[in-house]
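Here chain A shows up in two complexes: once beside chain B, once beside chain C.
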Partner chain A sequence: MERPLVKRPLIKRKTLDRIGLLFAALVMVSPVVLFFLWMISLSLKYEIDNGAYPPILIPENFAWSNYVQVFRENNFFLYFWNSVLVTGAATLLALIIGVPAGYGIARLKAEKAAIVIMIARMTPGLSFLIPLFLLFQWLNLLGTLWPQIIIHLVVTVPIVVWIMIGYFETTPMELEEAASIDGATPWQVFRLVALPIAKPGIVVAFILALIFSWNNFVFGIVLASRTTRTLPVAVYNMLSFEQVSWGPLAAAALIVTLPVLVLTLFAQKQIVAGLTAGAVKGG
Partner chain B sequence: MASVSIETARTETDNKRSKPSRLAPNYWPFVVPALIVIGAVIVFPWVFTLWMSVNSWTLGQEQTFAGLDNYIRLATDFRFWESLWHTLIFTVLAVAAPLFLGTLAALIFDAQFPLRGFLRGVFVMPMMATPVAIALVWTMMFHPQLGVLNYLLSLVGIGPQEWIYNRYSVIPSLVLVETWQWTPLIMLIVLGGLASLPREPYESAEIDGANAWQKFRYLTLPMIAPFLMIGVIIRAIDAIKSFDIIYAMTQGGPGTASETINIYLYNTAFSYYDIGYGSAMAVVFFVIIVALSLVLMMVRARTNWSDMETR
Partner chain C sequence: MATVTLQNIQKRFGAVNVIQDLSVDIADGEFVVLVGPSGCGKSTLLRMVAGLEEVSGGEIRIGAREVSNLPARDRDIAMVFQNYALYPHMTVEDNMGFALKLKRANPADTAERVKKAAAILGLENLLDRYPRQLSGGQRQRVAMGRAIVRNPQVFLFDEPLSNLDAKLRVVMRGEIKAMHQRIGTTTIYVTHDQIEAMTMADKIVVLHDGNIEQVGAPLELYDRPANLFVAGFIGSPAMNFLDGKIEEGVFRTEKGLILPLPAEVSPAKAGGRPLVYGIRPEHIRASDQGIQGRATIVEGTGSEIFAKLDCGSEQLSCLFRERIDIRFGDTVGISIDAKQVHLFDKTTGHRL
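The block that comes next holds the complex of A and B.
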């Protein structure tokens, strides 16, 4: 029959296409892979190897001591803990406040509240910083972690509210209506009916709030003192003051961003869903 | 549908506002805590900044009402106009480059090939990485003598560059980092657009003998235009506000060659502690961002003839 004659070249072309696409994708991804490989390489090399020309990708001796040095000489345990506290508190508070708010706004169809969130997204972080810096100074809070926890809410609350509005708009109303006809209070409806269905949305909001709070730098450089630095500020300070040696610097940079990168790899699906939903809605 | 009638019922009871009915549960208690927090950390700073901007106040000195003096000073401040120009160049480049590369990446990742999911995951990583940490490593890579980038250039026969250490190449170098980090966002947005495209036009185009470029130019591009516009809006808002990477890598230098409005604003408020002037700058900056967003949204409303709003 004629059929196989037609089909075989088609299959061949398809495999060729796929190999071509794979190759194109590898080219697209290569700057990412090369960058992170080089970052790891820098962090595992002694000063001599980092200064070598031509550059060395894989050294003969790994300088694990760079990592030891970061923790021992630069108080990184403290700064790591500060980051955990600030990001953890700001994210949890944002969920406690933001999830019900997203529910309320979605059910009220309060478009204006959504606009406030949108404008908050446009406002440069620095313009929040001037007034709040003065407020914290006046309240005598500088030197504690509270100013950073509070100001990180500027980042986390809009993310959570925004994602939850979008999520609750898509969850079905019928169950909630049935529950309230059966005499459940709005709070009971929210807690027992709406909240359990919304879990995937909450996970997305949680992850994104966590990442953007963890990565935040600008609030920390103004509000953090020597003992209240978060990791991004600590790594920046290493650059400007304490040393110019590349190995430990790269090690510190990797320590700062590793938790986020691991989270990105494991929660890729949620992050993609959250960012595209937020982005598409954002227009 | 049932929900329609319930909705009308709800708006009616809302209008009366007399007693909470069963069909219209009171949702305000859910929103109030967030309103208080947003009022405290977002709205209060807006109002306070506006108030500070009509005052003359350097931290540690007497505060006096200054009317529009700060704004007049801003209009005649050469350094401000220069930073505005830097911001403009940076923003245009940091939107255009990711837009082009992100669309290209989306077209690739929209197709089927081995390892697609994994590679897409890797591609998204820069966007989530901590900007300061990234900036630090790029700074080492840009080093004129020891940096790996000049070595890579030498392999293809290009002479050493000064990257962020030269006043002419500093902004393009920063854009390179920004592009590396934010191309994935455009890719994700466009990928979402590509996934929503109908199949039929492509089938009829194939029957008509259209080639790949024609299909892209006359079918794909017009249909994903609204998504591209969303990408442009979001990227533009983020790029114009970019701070972490610029501050960590150059602090606006060499000299003031890469000082954008945001960096100048930071220096004014937190290096010179000129709170009044810094606030005026923040207000003007905010107005610029909102104006830019409105213009882009108007452009988008014009291109938005597809039915994506119904999703």
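The block that comes next holds the complex of A and C.
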């Protein structure tokens, strides 16, 4: 008879704790969730419902036509392809440059170089956009995707370099020493030992670089022409002076967000692991 | 297999002199243990032989080759690290064959050699596993296997047993020694554990503050320590040291305890100088007559009894092999085996 007496308050306590935690979590993420739900709601409503007061969250009729309109009217596939090319190239180039750079910086303890790279990332894009615009003009590159690919490297390379520095710093030096004793040249040490071990870090660097590049807007708005727009710019161009059609706009924004969102959901665990690498030794 | 010669080796980290002018000759096939307290430079010395640390001065020769300025990969050595340093993304087989793969050896030949090494170490069933799936002892064996497969001129071990539990350490100690006896490759082994040094070495090099204190066979170091440091470092429990002087044919400590002297000491030569009297705890016997002491610590392990005795004003550690009935606070009579006494000059620390 005694046992349940002790246990029941404990169970009650645990349930209360869980409800409390859930509530706290909900409050904290609610702005994000609310914003997202509202976007979904907007994308599924007809214009008349979008302006309604009091606001309608779930409409009686779903306006799937908003999505159809996005794809029909705006050259959406071209912009999607532009985005894929720009982000893909900028991310891959960043990995090719950034992974060895991060390795070198971590091994040589070249903190100053790392800080220089960080400063490039912290400088407001607009401050170098105009000179670069002129440079690309002289080089006759405007009208191609190259200016955007090159300038996206400002975003992607620092991310890759910094994540890889953190990752390489946590891999034990003895492994590389063992490899060099086993007869490996410095390049073989990097390729056959350091690189395979850093694979989880590379995945994280890849995903984060991809997200930041995909979502970048400022560079595109300045450097892109009508045919070289990326998706975020294309969505912005749906705002016109006469009227904002909220439904198609929200639909377009959701479509743009979707690939990144899916990627993040799948890679959640690795992203967290990668971002905290180096925080705890062996963690 | 090869000899290893270290000649006037120096190592500086910035302004800090870690190793000053150190020379050692290691014979072909010899098992040499570098031992000393942490910070004595033993690991640095090993890493310099391996080529992982640059030499600030002096010469390292493996066989006839001068290797001081060669990169690690060209020195033809193999090293076993304290934390094993197994490649986590490779199977046991790939770990062991990695060096041969780098040399572009024939794959069939590599597989053959890996299999042979695995057989020596009892790893045949683990070849497909990854390091994370192995226990500490197995990892240690793989690390040794990786070294054997190479068939290098010299084996280097950097405190390879310190991550293992006490029991496994004893087992692996035996295995490493057995491996050396079987393969006969010149071996340099670094440890801070004097028991490891005593049980495994053909020759021990005792290091302290970057200097060699003594080089010799284990029993030589135990029987005739060259100075106070070696005398205190080798042997467990540590030797008793008592300050005093020789007066009228006996040793009188500063606090007035009178102790017997070995026959070969001539009082004329050593008399009057401040000396240190050294006697190992195991060379003190229980005796009805002789010095009386009160037991302040008594620890029995079954095979022996360790006791700390308060003899007037001096403390003496004793290790009794015979089973005697003493308890805390008892008064015990002891006698010192005069033949086992070591005398050191107090100012220089050298053996008389």
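In this section, the second predicted complex is superposed on the first by the 256 of 283 C-alpha atoms of A that agree within 3 Å, B and C clash if a C-alpha of one lies under 4 Å from a C-alpha of the other, contacts with A are read in each partner's own complex, and residues count from 1 in each chain.
Definition applied: contacts are C-beta pairs under 8 Å (C-beta built on N, C-alpha and C of every residue); 3 or more make two chains touch, one makes a residue touch a chain.
The structure presented is a predicted model; accordingly, all values stated were derived computationally and were not measured.
**Student:** Looking at A:197 after the superposition, I want to know if it touches chain B, chain C, both of them or none. Which is it: first, second, both, neither?
**Tutor:** Second partner only.
**Student:** With both complexes superposed on chain A, which partner does A:188 reach: first (chain B), second (chain C), both or neither?
**Tutor:** In the superposition, A:188 touches chain C alone.
**Student:** Now for A:127: first (chain B), second (chain C), both, or neither, which partner does it touch?
**Tutor:** After superposing on A, A:127 lies in contact with chain B but is clear of chain C.
**Student:** Based on the superposed arrangement, let me know which partner A:239 touches: chain B (first), chain C (second), both, or neither?
**Tutor:** First partner only.
**Student:** Once the two complexes are aligned on chain A, which partner has more residues of chain A within touching range, chain B or chain C?
**Tutor:** Touching more of chain A: B.
**Student:** Please indicate which partner A:24 is in contact with in the superposed arrangement: first for chain B, second for chain C, both, or neither.
**Tutor:** first
**Student:** Based on the superposed arrangement, let me know which partner A:180 touches: chain B (first), chain C (second), both, or neither?
**Tutor:** So A:180 meets both chain B and chain C here.
**Student:** Enumerate the residues of chain A that count as touching chain B in its complex and touching chain C in the other.
**Tutor:** 174, 177, 180-181, 185
**Student:** Within their complex, state which residues of chain A touch chain C.
**Tutor:** Spelled out, the residues of chain A in touch with chain C are 172, 174-175, 177-185, 188, 192-193, 196-197, 199.
**Student:** Okay, in this complex, where on chain A does chain B touch?
**Tutor:** Touch list, chain A to chain B: 17-19, 21-22, 24-26, 28-29, 31-33, 35-36, 38-39, 42, 50-51, 53-55, 96-98, 100-101, 103-105, 107-108, 110, 113, 116-117, 119-135, 150-151, 153-154, 157-158, 161, 173-174, 177, 180-181, 185-187, 189-190, 211, 214-215, 217-218, 221-222, 231-233, 235-236, 239, 246, 249-250, 252-254, 256-257, 260-261, 263-265, 268, 271-272, 275-276, 279-280, 282-283.
**Student:** Note which residues of chain B are touching chain A in the complex, please.
**Tutor:** For chain B paired with chain A, touching residues are 2-3, 6, 22-23, 25-31, 33-35, 37-38, 41-46, 48-49, 52, 101, 104-105, 108-109, 111-116, 119-126, 128-134, 136-137, 139-141, 145-146, 148, 151, 180, 185, 188-189, 191-192, 226-227, 229-231, 233-234, 237, 241, 243-244, 247-248, 262, 265-266, 269-270, 275, 278-279, 282-283, 285-286, 289-290, 293, 297, 300, 308, 311.
**Student:** Using the touch definition from the top, list the residues of chain C that touch chain A in their complex.
**Tutor:** On the chain C side, the touching residues are 50-52, 71-73, 75, 77-79, 81-83, 85, 87-89, 98-99, 102-103, 146, 150.
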